[in-house]
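Structure first, then comments.
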Amino acid sequence: MSVRTPDPYPGWLSEDELSEARQRLPMVYVEAVPVRCDPLGYVTEVGLLLQATAEGKMVRTFVSGRVMYRETIRAALLRHLEKDLGPMALPQLPPALVPFAVAEYFPSPSQSGLTDERQHAVALAYLIPVTGECDPRQDALELSWLTPEEALSPDIYAEFAGGRGDLLRQALASASWGR
Amino acid sequence: MSVRTPDPYPGWLSEDELSEARQRLPMVYVEAVPVRCDPLGYVTEVGLLLQATAEGKMVRTFVSGRVMYRETIRAALLRHLEKDLGPMALPQLPPALVPFAVAEYFPSPSQSGLTDERQHAVALAYLIPVTGECDPRQDALELSWLTPEEALSPDIYAEFAGGRGDLLRQALASASWGR
Amino acid sequence: MSVRTPDPYPGWLSEDELSEARQRLPMVYVEAVPVRCDPLGYVTEVGLLLQATAEGKMVRTFVSGRVMYRETIRAALLRHLEKDLGPMALPQLPPALVPFAVAEYFPSPSQSGLTDERQHAVALAYLIPVTGECDPRQDALELSWLTPEEALSPDIYAEFAGGRGDLLRQALASASWGR
Amino acid sequence: MSVRTPDPYPGWLSEDELSEARQRLPMVYVEAVPVRCDPLGYVTEVGLLLQATAEGKMVRTFVSGRVMYRETIRAALLRHLEKDLGPMALPQLPPALVPFAVAEYFPSPSQSGLTDERQHAVALAYLIPVTGECDPRQDALELSWLTPEEALSPDIYAEFAGGRGDLLRQALASASWGR
């Protein structure tokens, strides 16, 4: 415990402690579906990240990450957008912080349809217009821009991790895309 | 014009005047998707009306109707719910009047995907839980209660009038139903 | 009536016809509260228009206007933003068209608290970030940028037309501003 | 660690572990403002709980509580509503799970205006109509039903804990109450 003395609020846990907490508490996450919009605000393209799972399988996912201790939702959202899309993406965070969905990920299948084997996560999910240049970093192998039709096509839909295809449908529905 | 003297704000137009206005102005509508929910608020059933069009075709539709002059949105919503579902339906109007979608119906195909050959209508669309007994009246031949899966199945989807299948998908997506 | 033959859907009415319709039908409006946001999306300033009423009184108002026949909500919103803020305002229309409020203006006082002596208007109200240079045109004498605190101060609040002070409070509340 | 063997996912932590986690991770909360509505859905009364703080001060608060490990938002909401309002309150959980606000409580003053000295909590805040009989239990000394005007009056406003007066204003603004 003495290690913590000089820094009582470090804002993060050791890997072990975090693993332990993930077995006991829901984690707060933010999730962002990056979109390109035309001047009228209609969504023209959706940005999907392609990542490799621990088992080496390629899956589609969104910008996503944990909210740290004492971090605001907005700061976490901007931090993960910059981390995943690069510093020049120019995401436009909306003035209203109400998410299009509250996504509930559970370690085993549930009514929510969303799963995350590592943890129980409550993710606030946003549709975020980006206007700049995207340069995926970190563990993302690729960022693809697809039309809403393409993104919801059966082939792509089958590639989403943890049930996120349904979440994408909800995201586009919130933008009046009902197909 | 003298007819109007004793009643300068009658709240409605003659059939001719209304037909004329429908060629010139967007009409304000409310639209309600009646749902049955379990105690946790999960949608278990969707109420769809079956109506005959002027051409005798059977189509699926929602509770829907015009907002009258000097009528509030809430009063119009309750009036049309009672008209279409009967007086014992016990609809639960939400404290927040923000619709799940603003549905734009145009007389010819457009970006919105919704059409109404009679008019340009701007419909505020709500998901309304009903807890009582429904007894469809007027021109509705039938009210069917379907599970969300059934309501979005290709067969049923093909029966919706004016593109409302997409609107139903948006309605269910607002209730976290993304499939 | 023959005048209409070559143009059956002109998209507007004569002044007389519009006056008449305003006594009989609710009009569809869009209303926009322009805001400046910081990179995290927090509202830093609210843009208020100062206009002279027919009686010469100076009142605060928002970007506002009618939706024309066959015009989409988005097109109307952009048209009125350009008309009131100039062509370089660069408004960011959101991907979701759900308004922060449905504002109901009646010709006489009502439960909604909003009045418009000319008509019954149903206005879809949006909070719209603008990132460019604003140059108010038309009948607006001035565009003032105020902090949220200033905009809701009693002095400014008393200057709003038709009860729009309450609507501004709702707009800022939707951006988590509760004071 | 052996203690955990028979129950690897107990859904809660010991008091010590929870205290520790509260210094390191944001906690997921739900918060509910109970309201009574008239048949049109207009809010007529707001239910406020009166509680004693550890220091013996009386403060106003809402229904509030933690989301447990593997518990859905809806289950947590219903559990806390029953705990605080009694089993006969008949709360009407909405089909859409999107909160009126995401309330961010921090252990020290911040931009959010909301504080909770025990922890960093991210609370999904809902306006929940209740139609039955309320019987406050547990640590609530009293449940008062006030009109929106009364609930936002300066005297009552000053009695809210942790900045919740602002949150109440946001709650009522989401129900078109802008005053």
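Labels for the chains are A, B, C and D, by order of writing; each one numbers its residues from 1.
The rule is simple: a residue touches a chain if its C-beta (ideal position, glycine included) is under 8 Å from a C-beta of that chain, and two chains touch if they have at least 3 such contacts.
All values derive from a computational prediction rather than experimental measurement.
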Chain pair repeating B-D, as identified from B-C, A-C or A-D when over half of the contact pairs by residue number coincide: A-C
C-D or A-C - the one linked by more C-beta pairs in contact: A-C
Whole-Å gap between the CA centroids of chain B and chain C: 26
Centroid spacing, where centroids are CA-atom means, of chain C and chain D in whole angstrom: 34
Whole-Å gap separating chain A and chain C, where each centre is the average of the chain's CA atoms: 34
Sites on chain A at which at least two other chains make contact: 42, 72, 97-98, 100-102, 111-112, 174, 176
Residues of chain A that touch chain D when the two form their complex: 8-13, 17, 21, 23-28, 67-73, 97-102, 104, 106-107, 110-112, 120, 122, 124
Chain B - residues contacting chain A, complex: 42, 101-102, 111-113, 165-170, 173-174, 176-179
Complex contacts: residues of chain B adjacent to chain D: 35, 37, 39-43, 72, 74-75, 78, 92-98, 100, 127, 129, 174-176
